[in-house]
Structure formats: C-alpha cells, structure tokens
Amino acid sequence: MSGHIATKKLYVGVWIALMCLTVATAAASRIELGRFNVVLALLIATCKASLVALFFMGVKYVSDKMTIVVIVAGLFWLFILLSLSMTDYISRHWM
Amino acid sequence: MASFGVPIERENYLNKEYGISSWLLTTDHKRIALLYLLSITFFFFIGGFFALLIRLELLTPAGDLVQADTYNKLFTMHGQVMVFFFLIPAVPAVLGNFLIPIMIGAKDLAFPRINLLSWYLYAIGGLFMLYTILNGGADTGWTFYTPLSSQFSDSHVIAAALAIFIAGFSSILTGLNFIVTVHRMRAPGMTWSRLPLFVWANYATAIIQVLGTPVLAITLMLVALERIFGLGIFDPQRGGDPLLFQHLFWFYSHPAVYIMILPGMGAVSEIVTCFSRKRIFGYKFMALAVIAIAVLGFLVWAHHMFVAGISLYAAMVFSLLSYFVAVPSAIKVFNWTATMYKGSVSFETPMLYAFGFIGLFTMGGLTGLFLAALGLNVHVTDTYFVIAHFHYIMVGGMVMAYLGGMHFWWPKISGRMYPEFWGKLAAMIIFIGFNLTFFPQFVLGYMGMPRRYWQYSPEFQVLNVLSTAGATILAVGYVLPMVYFLWSMRYGKIADSNPWNAAGLEWTTSSPPTTFNFDETPLVTHEAYNYDELDEPKEVPVER
Amino acid sequence: MFENLPLWPARASTTAGSVDALYVFLVTISSIMCLAIFTMIVVFALRFRRRAGHRAEQIEGSNALELTWTFIPFGIFLFIFVWAAYIYFQERTPPKDSTEVYTVAKQWMWKFQHIEGHREINELHVPVGRNVRMIMTSQDVIHSFYVPAFRIKQDVLPGKYTIAWFHATKPGTYHLFCAEYCGTMHSGMIGEVVVMEPAQYQQWLSGGAATGSLANTGQGLFASLGCSTCHRFDTQGRGPNLTGLFSKQVLLEDGRTVSADENYIRESILSPAAKVVSGFKPIMPTFQGIISEEQLNALVAYVKSLNAPAAGAAGTPNLKPPTSQTPVTNQ
Amino acid sequence: MSLRRSLLSDSTTAVATHNPDLQHHFASMEQQQDASVMGMWVFLITEIMFFGGMFAGYMIYRYLYYPGFVEGSLHMDFWWGTINTVVLLCSSLTMAMAVRSAQTGQRKAIVGFLVVTIFFGLAFLGIKAVEYDGHWSEHQFPGHGFQLLDEYHQPSPYTSQAEVFFSFYWAMTGFHALHMVIGVGLVSWIAFHAWRGRYGPHYFTPVENVGLYWHFVDLVWIYLYPLLYLISNKHVSG
C-alpha cells in the first residue's frame, strides 16, 4: 500500500460520497419503515465503512493479500461472536 | 541477573552486556524470554502455594484450616494467577519468544520494543495482581461471574480485573508480534511447509490471543464500570442479563484453553521427533490440526453454560461443535504415537515429559468428551470432574510440555546441560504426583462433590485425602527442576551447539546464541525434521 | 449391580439411570482408546528403542491412516453427541403433568414453596413416582440446584425463572447442593431432598401448617395490590383479562407474539412495559422492589391457576383486545 | 548441516547501512514497512473485537428490549450526533490527505492537514462533552439516580429498559471517546515529528499507521451513529 499514491480528487470525491450517505442515513431514519429502518441504516453504514476502508485506509491498493486475509479474519470472528451468542437468545423461547 | 552468564569464551546474548539496565531495557527477544521466565516462575510458585493451601484445607470435611472467605480467595487467586500469569504466557512468552525468531532464521521478532513493552505490561499486571493478593484478594472465582462480581462481592474485584486486563494486553501484543514475525521475518527458503510445528503452534496461539483477548478485556472493563459507576449491563435488577457476561467471558476463556495447550503441543512435536530420530508423522495434518483447533476453538464456548439457562437448541449446537474440535486433538495424539513407529527412540528427560504429556492429554481430552456430552454434562459440570478434566489438560498437558520444552532447550538457553538423572527423577515424581492428585477427583466429581466447596460431606473424604497426598508429591516434583536448573547454570556440563543432534535452525547456532542469533542469515533448503540427514547422537548425553 | 460401589451417588430418579448408562459407555470407550494409545506408545518405545547400528526409518505419513483416525473418532463422537443430546432434551423438557415447587435461592439458603402452600427451607419433601417441576429464581447471585442422586443440575438465576424437573424413584434422603459458586458460604448452601412414599407424603402434607394453597395466597395479593382493578374478568378492564392466559400465545403491541410462560408473567409484573399486549397501553406501574420473590411466585401461581376450569370467573380466555375499550392516554 | 547457511547477497547489508530509519533486525526498508503496516492491521482487528464485545451485548439487548431502546434513542440529540458524524468524516479526509502529503514529501502540508485533523478531533470531543453534560444533568446516567422522563415530564414506563440502553450508550461512546483522545495525542505526536521534517517519501510508516488508527475510530462511529441515534423516530406507544 505504500507504493500507491491516490489523487486528491479521489479523496475529495470519497468525502463527498460520505457526506451524501450521512444525509441519506439521517433522512432515512425520519421515515418510518418499521423493522427495515435498522436494515437500511446498517446498509448505509456499511457502505460508508467500505468507502473509508477501501480508499482512506487504502485497502483497495494493498499490494499483498495478507492484509486482506487479516481484515476478513477479523470480520469473520466478529461475525462468530455476534451470531453464535445470538443463537442462544433467539432460540430460548422455542420450546 | 549479571551472574547468570558464566564466562563462556564466545560472546553470546548472556555475556554481551552486564548490569540491570542491560536486562530491563533490552530488546533482545532472548533476554526478554528470560525476564518472562523469571516472572512466570515467580507466579507459578505463588499459585502453587495457594493450591497447596487449598488441598490442605480439603484434607478434612470440616472447614478448619482457613476461614470460608479465605478459602474462596485462595481458589480465586490460584485460578487467576495460574491462568493469566503462568499458563497463558508460559510457553509462548518464554519458549516462543526465545525460539521463534531463531527457528525461522530471524535476528529478532518483528517489533522488539513492543516485545519489551509486553513484558512490562505483564509486569505491571503482575504488580496489580500482587497488590490484590496482599490486600486480601478477590473472592469471585477466576470466572468473575456476575452479579456476584459486579455487585455482591466486597473484595478487590476491580484491582484483580485490572490486573488481568493489563496482562491481557501483554498477551495481545505478544500474539501480534508472533503473527507479523512469522509472516514477515522468515529467512530465505523458510517456506510455510518448512516451518517447525512449534512455530505453527505458536502462530495458531497468536491468532487466538489477538482475536479473543480483546473480548475478555472489554468484558472485565464492563464489570469494573458496573462496580464503579453502576452501569447496568449485567445487573438483573435492571433488566441486565447475567448470562451475557458468561457468553462474553467464555468467548475468550474457552479459546484461552487452547492458548495454553497449543504451544505445548508444538513443543511436544519437536521433542518426539528428536528423540525418535524421525520426521513427524503427517506434517501437513499436524499443521492443519493446530489451525483447525484455533478456529474451531472459538465456536464452542457455550459448552461451559449447558446448565446456566441457555436455550436448549443453542446448547445442542455448541455441544455438536465441541465434538468437532475434539477431532483435530485426536489427530495430533495419533500422529505423535505414529511418529515413534520404526524410529530410534531414546528416553532422555524431555522425552519422558513428552510421554507424560501424550498420556495425560489423552486422558484430559477423553474426559472432555464426557463434558461435551449434554446429558452427562448436567451431572458433572461444576463438580470435581471438571476440576480434574481441566487440570489434566492444563497441568498434565501444558505444564508437562512446558517442562519438557524447558529441558529440551535448556542447553540452548543457558549453554549448560541439566543433570539428566535428576531430570528423569523429577519427571517421574511429577507424573506420579499428578495422577495421584487429580485422578481421584474424577471419581469425586461423579459422586457429586461440587467444586469450590470449603467444607464437604464426609463420604468424599477418602478421595480428598488421596488427592492431597498426591499434591504434596507433585509439589516436590516442581521444586526439583527449579533447583537443578539453577544449579546447572554454574555447575552443569557445558553444552555444545547441538547436544541432542536435533534438526531445526535453533540447533545450528551456538549455545547460547549470539545477540543476533546467527552470524549470517541462514538459507533454508530443508523441510523441518530432516533426521535422515543427521547423525545419531554420538552418545546419549548422560550426566554422571 | 454396582449399587454398593461408592463410584457414583445413589440412583434415585428416572434420569439417573440413563445418565449412568451413558457414563458407563463413555468410560468403556475412553478406557479402550486410552489403552490402545498407551499400548502403542509402550510397544513402539520398546520395540524401536535406540540400538547401535539401527537407524530410524523415515516415514512421510499416510493419508489413508490420517483419514481413518479422523473419521472413525468423528463417527464415535457423533454417536455420543446424539445419545447425550437425547438425554439432555428429556432433562430440559418437563412433562405436562407435574406437581410444581417454587424455589427461591438466596445467599445462602434454599426456600421452597409447594403448590399446596407448604414452605420449607433447605429441605425439600417430594413424593416418589411423581413428576416434580421446580420453578426457580434467585434473590441475589447465581446459584445452582444440584441433586447428585437425581443427576440433575440447573443454575438458578436472578431476574428470571429457570426450570428443572425430576421423577424420584426411590424413597430416601439425598444431598442437595448449590453447584454454582455464590459467595462466602457457598459450601454451606446445602440441604436435603426427602423422597417419600405417596402415603407418607400425604401425611406430611396434611401435617404441616399450610395457610391455604399458593394460588390462594396469590389471589389475596392480587386483590390487595390492586391488580384486580384493571385486570378484570370481563372485557372492560384497562389491563388484559388474565383468565386462561397461561401457556397461550399472546400478540403484543409491537407485532411480536410471545408465549405466556412463567417468565412472561413474571416480567409483566416487574417490567410491565417490556411486552405490552396488543390493544393496551403501558400504564401499569412496575412492582420491581415492591413485592418479594415469594409473593411474586404466589402471583404467578395464581395467574396460572386461572387456567383451571373452576378458578376462572369468566369462562373463555379472552386475549383479544376489547373492542369497546375506554381510550386511555399515556398518562 | 553446513548447507543450511549461505551468505546473503551484499546488497541487503548495503541497504542496512544506508537508511538510518532501518532497524537492525530487518533486511530491507520494504520488509520493515510491510511488517509495521501488517502489525497495525492486526492491532486494528483486536480493536474490532474489543468493540465487538459491546456490539454483541448491544445487539442482544436491542433484541430483548426493543421498546426501551427506542425510548432511549429518542433522548439522543439527533443534530449533535449528525454534526459529529460530519466532523469525524471531515477529519478522516484531512487525515488521508496528511498521509498523502507524507507520501509526496510536502512537509508543510503534512503538518497543516494534521493540525486540521486535531482540530476536528477536538471539535468532536467538545460536542460529545456537551452531549454528556446534557444527559448527566437530566439524570440519564445509569445507576440509582437514573431517570427518564417522557414528553409530558412523567417517568417513562420504559425507564428500566432504557437504562440498559443508556448503559450501552455511555460505555460505547465512552470507549470511543477514549480512543479519540488517544488518537488526538498520536496525531499531535506525529505532527510534531512531521514539523521537524522526520517524514517523507523515504519513511512515513508512523503517519500511515496513525492514519489507519484514526480511520478505524471513524469507522466505529459510523456504526455507533445509526445504532444509538437513529433507532426510531417515534414512540413505540404511539
């Protein structure tokens, strides 16, 4: 990732996109969509997070795959923590 | 420390510099390993002392030796000290620190200063632990279950949690260092398929340390915040769920068992191959198995909670996954055994420990099947059956492997041989003492004696007396190595660079190694365990 | 046949037999595995010990062998899993026709409330040959209800009910332990389970100083706490009619459906806004800190008793929001 | 055995003597740079798991006590939260620009962008402090004095559940703010070194790593914002 130098234009473009998404998520929360509010909010948050990670943090330009593996591993473990602990709470009333 | 380096002609990491600051400010991974060795040995004997008091109290059914409160603090501190200040750092921070760079042909770990920092964090955590102990300790059990720990205990819970929190960051940084080192610092030709299994094992351990420890850290912080500010995340009075604490706690603390055992497995792989003069049987499966254990180990945590009130279906999922993780452990045992087949087996002290490890780990692992079995778990969980099971894994397995590794690499670390006779004797004593201490506890557990009982029903006494008798033998066994290791630093036979004629890069450099480990960066052209190209040892090194 | 060997506690419940069978099977399997591995180690170590002029034969490994000792143990493990899960399923699903004992654990004692109104401390009398369902909660920290002779154990949590059940098969007096570490006198939180022949049990029941059934006590509380002003037995109440509520599915205001079990009733008393029945307002005050765990148990027992044909004043359960409900503001 | 060793090519050792920033145990600048950045990423995944513990708890309780979480969220200040999101995103931009300036070797630009980043960071913390003060003075801090009033200034029926929400609010934003404080410190530290001319195309790993850390803290907030501030815009009870 050290090799690549992104253009200023790209950074500003990403920033504008992030601003738009912030407005979008704030606006979307004002509309009542029931349970889909949270889905939409998290979807937008994930878009924003991806933009920050890919461009600002330079994940898009990393030269070696190990960094990607590290990130994916981290997210996967987070997923394990969230999903497996949730299995307990969801299924407690299944009797 | 300065007297540690006895004059050996060649310059090495021990005699290069003298003085306190040359140790306390060192960034040499080998010196840091020795700092760890000193500190974990210190905590091992503190924890062992608590264990001895516990066993003495349990000699009679009545609570007579210490008060109930004292007893509770004893087992709490025994657990906390042993788990967080001995078992978790033992093999990685001492042997791993010392050996990993050498085994992969590097001059040092990737981040030497972070390595020193992690020892300091360990030391600061240790000081907090000592502070806790000297002020009367915590009485929550090492598991810190809420709401006992967050609201009802009036002991030093915050100090203990802080101690573990800080030591946890030491563990994270060690893991981080190992991961980057193994990825980035390997010598030319040291491909992944040529890595010694000890490195694989520590690499897998590092993954757990890095991914699991932060969850424990935040969980303990939340408990501390609940005590300090009255946050209500685990408080049932305010809608908090005490089971959430257990989920988060075991998310780390079950994999933590593998932090303890995996590096030990790595050490045993090195020892078994060396004293069988053979390559490891099924290298790929052995390497895959440690990674599989590290990953699967994260999927099974709720098997500590089968009677805690979790959902029936979640319990079934976790039980099934627990059986998955048993498979790679079984693979490892079979492969060690098969390694001896058609080998040329000799019986030096490290090998005796390796035998002990395989035997005791097998028993510990098999009794794990009992505990993972849902219907049976209900009866034996929270009884002495569990105590026996995890001591078979951690003490029978991990401590045996650690001692085996210490004997195996002692010539490399100190440049001296330990006395072989005393080594064998101590190994025997430990093996016998251990079994006498913990085997009766399996029976006790099935008979229904709950754990953490200060006083107990008289029908349990016979087995408790046996166990206490075993513990005294075990104590003798643990003191012996410390005495003769110290003795050997001055009087032991001087070791040459490869006293066992073992394979592995660490044996190609001098004993003890120089500060940068190798005179020139080695070029690796062999897989690990190329015993076919090595001579038999000229003579079995026998002391006296 | 091993009754006299002190290797396990008395076998006094229907569960005990099945748990012991699994245990014996596991001991056998493990012993065989251990023996096989230890024998191999000893044989290899001796047969291939170091001798002058002999060199080790280098062997790479064997995929066939590896797969064998991957899948054979795995098959055995799966078998154990299924067997054990089956037993666990039975341990966790109490039969419908059980007599019930409400249990409150606290540092460091066990308090039992029989449905018939009897109350005991650290001693539990139960009849032989009947299903007993323990509805347990804790006043402070986590405890665990453990009767080795029955091979059952269930953690007792503060803030909610957990359920355990057993079917005693042999009269006698058995240990009751707290198995979850609960503070200073954890080892003193022990008691006895007295299993009695039905006749003796009836005698014991009639001998005690019971002050009416638990549900009766609950009914008294229901009136004195003012519950009955809103929870009326018609459709005009400001709160739902509780007749026939227990074990039914309840539609909530936010669209979820929950099962009205003991924990639901408990939560609705302590934290009424958590699950508001569809068509009603969250106007009920909380009783958290106002009533004791024992009183709570009595209330739960009373609400459950409203299912019995005789107890309910209004005949059919009515959980649908009343059509002509008085509009009530949030205040 | 002697096959094991061979001389490394002289060029590697030559590099070692050339670059003063190369530490002794690395063979090349590139190896050092790769190791540092990888180390940073590994550190960041430990941070993911650190916050992950709280996110797991949050998710479970949100599932259990949805009405209480809605009620709690209504007591968040929507505008402060949104402004803080914008502030943090701006700081991420300036941080990224600072790293870029280091790569291209513009000393003044590095310092300038870092100073602006520090400014945004402090602005975020200031706004957070205003919010905390508001919650504190309205007794919206979990504990014995906890109080939650609805729009008619009556104790809300969801008080006890919303208290759990506030426990998470304080814990999650508190740890996030702590990370911000550390971040501001780190940025100040590299700004100082940048001002001394320490970084340039030859060596900018510290700038890059602090940048990664800063962006990560931003990432956490990107999720905290909708999860804490935007749960729902209307009372459950209508």
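Note that the chains are named A, B, C and D in the order they appear, and that numbering of residues resets to 1 at the start of each chain.
Here is the rule we use: contacts are C-beta pairs under 8 Å (C-beta built on N, C-alpha and C of every residue); 3 or more make two chains touch, one makes a residue touch a chain.
For clarity, every value in this text was computed on a predicted model and none was experimentally measured.
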Worksheet item: More C-beta pairs touching across which pair, A-D or A-B?
Response: A-D
Fill in: Identifier of the chain whose CA centre is least distant from the whole-structure CA centre
B
Discussion item. Could you work out how far the Cα centre of subunit A sits from that of subunit D, in whole Å?
Written reply: 14
Discussion item. Taking the mean of the CA coordinates per chain, how far is subunit B from subunit C in Å?
Written reply: 36
Fill in: Whole-Å separation of chain centres (CA-atom averages), subunit A against subunit C
41
Worksheet entry | Touching two or more other chains - residues of subunit C | 93, 271, 274, 288
Fill in: Shared-contact residues (touching 2 or more other chains) in subunit D
34, 38, 42, 45, 49, 52-53, 56, 60, 64-65, 68, 160-161
Item to complete: Please list all residues of subunit A that touch 2 or more other chains.
Response: 66, 73-74, 77, 81, 85, 89-90, 93, 95
Response to the item:
In the complex, subunit C touches subunit B at residues 6-9, 18-19, 22-23, 26, 30, 33-34, 37-38, 40-41, 44-45, 48-51, 54-62, 65-66, 69-70, 73-74, 77-78, 80-81, 83-93, 107, 140-142, 144, 146, 148-149, 151-155, 157-160, 162, 175, 177-188, 190, 271, 274, 288
Discussion item. Using the touch definition from the top, list the residues of subunit A that touch subunit B in their complex.
Written reply: 66, 73-74, 77, 80-81, 84-85, 87-95
Fill in: Touching residues on subunit B, where the partner in the complex is subunit A
183, 207, 211, 215, 243-244, 247-248, 251, 298-299, 301-302, 310-314, 317-318
Discussion item. With touch defined as at the start, can you tell me which subunit D residues reach subunit B in the complex?
Written reply: 1, 3-8, 23-25, 27, 31, 34-35, 38-39, 42-43, 45-47, 49-54, 56-57, 60-61, 64-65, 68, 141-144, 160-161, 163-164, 167-168, 170-171, 175
Worksheet entry | subunit C contact footprint on subunit D (complex, rising order) | 65-68, 150, 152, 154, 157-158, 160-161, 236-237
